[in-house]
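Okay, got some structures for you below.
Heads up, the next two complexes both have subunit A, just with different partners, subunit B and then subunit C.
Now for the complex of A and B:
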């Protein structure tokens, strides 16, 4: 499935996404996306011009579209992903030509069936939410979803442990030649001024190291991840006499994707998009369970 | 003729209603029996002293207004002047009877009279009890034919708003919604019409074409508070049609319409205080602005508002049938318990379940419906909110501690109300206790702990007991007592829950769920053993502090009665580390408590033994002989100490007081044998001293050995009279008195 490059999902690539976990949506229906778009549009317009009422369905300066992305899921048992986009239109010209995308958000669930199959029918599981754009739009859209579907949004940060998993997993994926370097950024705690250490490795060297660590292909264990990181640490120590194990891993960037501990991610390759989303779905589910 | 009919009709309806509403005859009667008011009456009644006359003059006035045909000038017509004055004075004094409104409104709105007369009439339309709806319907028809001037129309609308609560029925008035709506056009009337519509609007009144009209008005007039209020109400009912966000600061949305009637209204209100209809207008959904760093999820406490999703489902059908009446009852209108009872079958749940926490009526509702999705919605929301707001788990959130405290407080209150713990709270405790400093939100956390649900599969050991024990040993005496108090309440909540389960199961399954019962017994036993362990250590750490001992023994007061009071086959004796410090305590309160506990253990164990003997079949749960043995060991020690003065020889408990003769001699304590009996026991010696002073007032030698024989019995009675009830129960149940003569006293 990772080979099928989803066409529509291309809009997710090369953008900085903020991660959120969302509890199951109550009485959400995939058949009513058009209606939701009109309601959300009116709600945003009303929020922007506080005190003035806005009729639902009239032309507004921010257009809302809801789009289903059925290809963005792990299997048939996952809910199809949903892309919400806000675009501003200039009121002067005709509708479609002058629209400018100002914010987008994506609800998805990739291989989250263990969780979603245990919730009652009335609930829809789309536990991972990605947002790109101004935060006040995220707040407006999120509040509307919370009020309409009785769900709850929570920032999803990525722990250093999970970041090291990402580093190992993404290193193991075969990439083309001339791929950009694998870079790990560490933050040194307890200093008056913040100090970050950047550790860049040639992707082929990193892959070679990983291949020696991994015992069975297609399967990763915590011990292997730890060993991989320890090897990198000891190499670094040999050269710089710094114990990276005493610092905090804050960012991992590879040719596949780059992730920051504060809960942001950038997808760089459509081929591995679903794989990364699967991992993030898992993190989101563990936060809401 | 018509007039008579209508008065007759209202009389009938009054009889049926059995209320203290006033019709003309009742009004007359009331006048007779109310001599107090005659003083006030004098000034308004210039030409008549008798009440009967006054009543007649009012009836004349009404019939005058009924018959008047042509426009009459006020200045030139003395009859009109007189009758108008009568109506005004009657209105101010007593209020007008329901029948009068039809006539007077007809006159005032038909344009027959000059505006000055109409104004005076309208201003004196103050009800004695209620205003009949029928009179309003005809008034609205006058309004629509525009016979009266604009200012009279306006005054009428204001009157209607001010008197809204006194209208007897409102069904026909609701049917006239469209007519009122059409008056929005008039710029002067618009604010008042908005107010009236605000009072009248129901879900079915909200129609797309009305919203369009209001939006047009908004476009024409700009941001007007009265339009905002009405539109926000429309949004409440139909979020699928219109959207509005009210600006932060709450202000008054409507001008006060009560002005001309204010004084009269308040007297009427006072008069029929007990029966005045309470109309509570819907609260406007203003968002409170809090200076929180976060841009959203600013409110921890959610307001209750209708579910927009459920209305979404109906919206299609509703638009096709314009006059269909929506069935569900919106939560915004739910204000009283009778309303809840009346609408319980079609109550609409709030859009966000989190809002039930601050809505006692919805909690009632939650208590009686078994819908998994309700609990699940609440569970998700609460779980996430607790996790996100937890001040010691989330960085930079310590400034919100007060807010978080309030939130925990509300959650706990709801749990107490529902008599049920939330699973999200349980998870929150397990997650956050390892990081808790035992200080932040202490009382709230300890109280939340008391509602951890009892489930037969137990993860308590690692999740609760571990972190709690660490905090317990390293914290102050008061924290220890607080923890013990919570654990006692937790135990009681579990036991109560078990009782309720037993009751509900006995109807259907009987005693079939043995597997879960044994699991349950294990979980309860685990808690009791845990408390036993930490109590033993805590007593050592705090050198047997009486305060701590009190809380420990308080816990065992529940434990010793589990079998009889809660019908759970479980009895666990306190560990020696608790028993002996209590037995040798310096404080009579602790000793008395221990005596009571031992007495209850005895009662429970005897009952268990009897049940075993009666029921021939083998019981699933039998107290092990070890429990009896342990009890007997303690009993021997206690009787040896307090009564037979041979504690050091007879105590057979491995951790007991047994000391051999040689060792005791080495202590060089004289009369060591008696040193813990009820006379010499350090907890009771004070009583013995006072007893000596009373029994031998002249003796100053404090010869305790005088207390023996008959005096011993007197001394016992003296102790009982000092409030040592536990000691009394213990001695009377567990000690075989040698001389029965003592009983005769």
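Now for the complex of A and C:
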């Protein structure tokens, strides 16, 4: 598996991304990125002409770039990832030194061959979409893509079951010194006022627990994930007399990445970027199917 | 009669009417409810598993709130040879339909429907699920 993440892909780190699943794109071509950038730019400028109310702080005088990130994929059979960026131009001059990045979107497919190979000829599979920036830009870019490539975007939320997989998998990855704690956040249902419980575990303790649970390195089973979580829950119950298993796991944060059930992710280490993207691609594909 | 777990308190044993059907409720949003049901099952007499037990799984409408794996529920269904009903309590129509199904099952388990026994009905339900 490729673990290298050159400079371009490193721009994905430490930003909060909203997750979407995207159905296959019809008649998309990786060779026409410059043309797409011009068309999208024109579409956004047209929105400005229409004078639609777009909200405070959203500047429609933007420069659009489309870039291919060929290193961001699981293997040669995956479509290379594509990064779309909107930068606002200063009103005084259009020199690129005055441009500020205001929105980024990344389409990718990591180890999605089973899905992409079963799709008809003219379709390109980039099922996972990550968006960072104002919601209004996301909506404009999304609707341009939907019109141009006849695809459909859908918000990707992450269930507590999948979050617990992430907690187990990411805890199992090797930890450097001074790594941050593994933190799990639970939301307690059926209360008049919302209550969140935060459970922080020292990363070495968490890894030690996971190491006793996992039988085969490189393989994880549902039973192992359940056992790992049950150990954490009983430990908590012993001390606080609260059954975390009756609450909803809403957020998982480790040194590798941090994920929230409403469908947001933050990548924290470039070494594990592809691994996390592979997991998210799988979630996106199962939402599409 | 509703109970949060089994066994039922023994003080009221002599006042309790005959139990015809036990429906174990599992909330798919709560791992705790599954564990609770698993612990309670140990207190049920084996004779009940001849068609007088069913599992009622709630909360299935919200896929993204899922804390209980579907396989875990199917394992219970297979181990205890009892059918699984799915219900979304928040939707009135589904609630009413499920209540009617349970009532029908109860009538059969109590012996009120001539010609149909709890055991034959239970195996009928399980076979139709497998298809």
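One rule holds for everything that comes next: the second predicted complex is superposed on the first by the 275 of 289 C-alpha atoms of A that agree within 3 Å, B and C clash if a C-alpha of one lies under 4 Å from a C-alpha of the other, contacts with A are read in each partner's own complex, and residues count from 1 in each chain.
Assume a contact is a pair of C-beta atoms (placed from the backbone, for glycine too) under 8 Å apart; a residue touches a chain by one contact, two chains touch by 3 or more.
Small disclaimer: the values here were computed from a predicted structure and weren't measured.
The wider contact with subunit A, measured as residues touched, comes from B rather than the other of subunit B and subunit C. Of the two partner chains, subunit B is the only one that A:23 touches; subunit C does not reach it.
In the superposition on chain A, A:42 makes contact with subunit B only, not with subunit C. With both structures placed on the common chain, the touch criterion links A:288 to subunit B but leaves subunit C unconnected.
Contacts of A:222 after superposition: subunit C is touched, whereas subunit B is not reached. Look at A:172: by the touch rule set out above, it reaches neither subunit B nor subunit C.
Touch criterion met: A:160 reaches subunit C, while subunit B stays clear of it. Of the two partner chains placed around the shared chain by superposition, subunit B is the only one that A:119 touches, whereas subunit C remains out of contact. When the two structures are aligned on the shared chain, A:245 is found in touch with subunit C, with no touch to subunit B. Residues common to the contacts of subunit A with subunit B and with subunit C across the two structures: none. Listed in rising order, the residues of subunit C touching subunit A in the complex are 29-33, 35, 63-69, 71.
In the complex of the two chains, the subunit B residues touching subunit A come out as 211-212, 214-215, 218, 223, 227-228, 231-232, 234-235, 239-248, 295-297, 305, 307-310, 312-313, 351-353, 372-373, 376-377, 380-381, 383-385, 387-388. Subunit A makes touch with subunit B in their complex at residues 21, 23-24, 26-28, 32, 35, 39, 42-43, 45-47, 50-56, 119-120, 122-123, 135-136, 138-140, 142-143, 146-154, 287-288. Listing the residues of subunit A that touch subunit C in their complex gives 157-161, 164, 189, 222, 226, 229, 233, 243, 245-249, 261.
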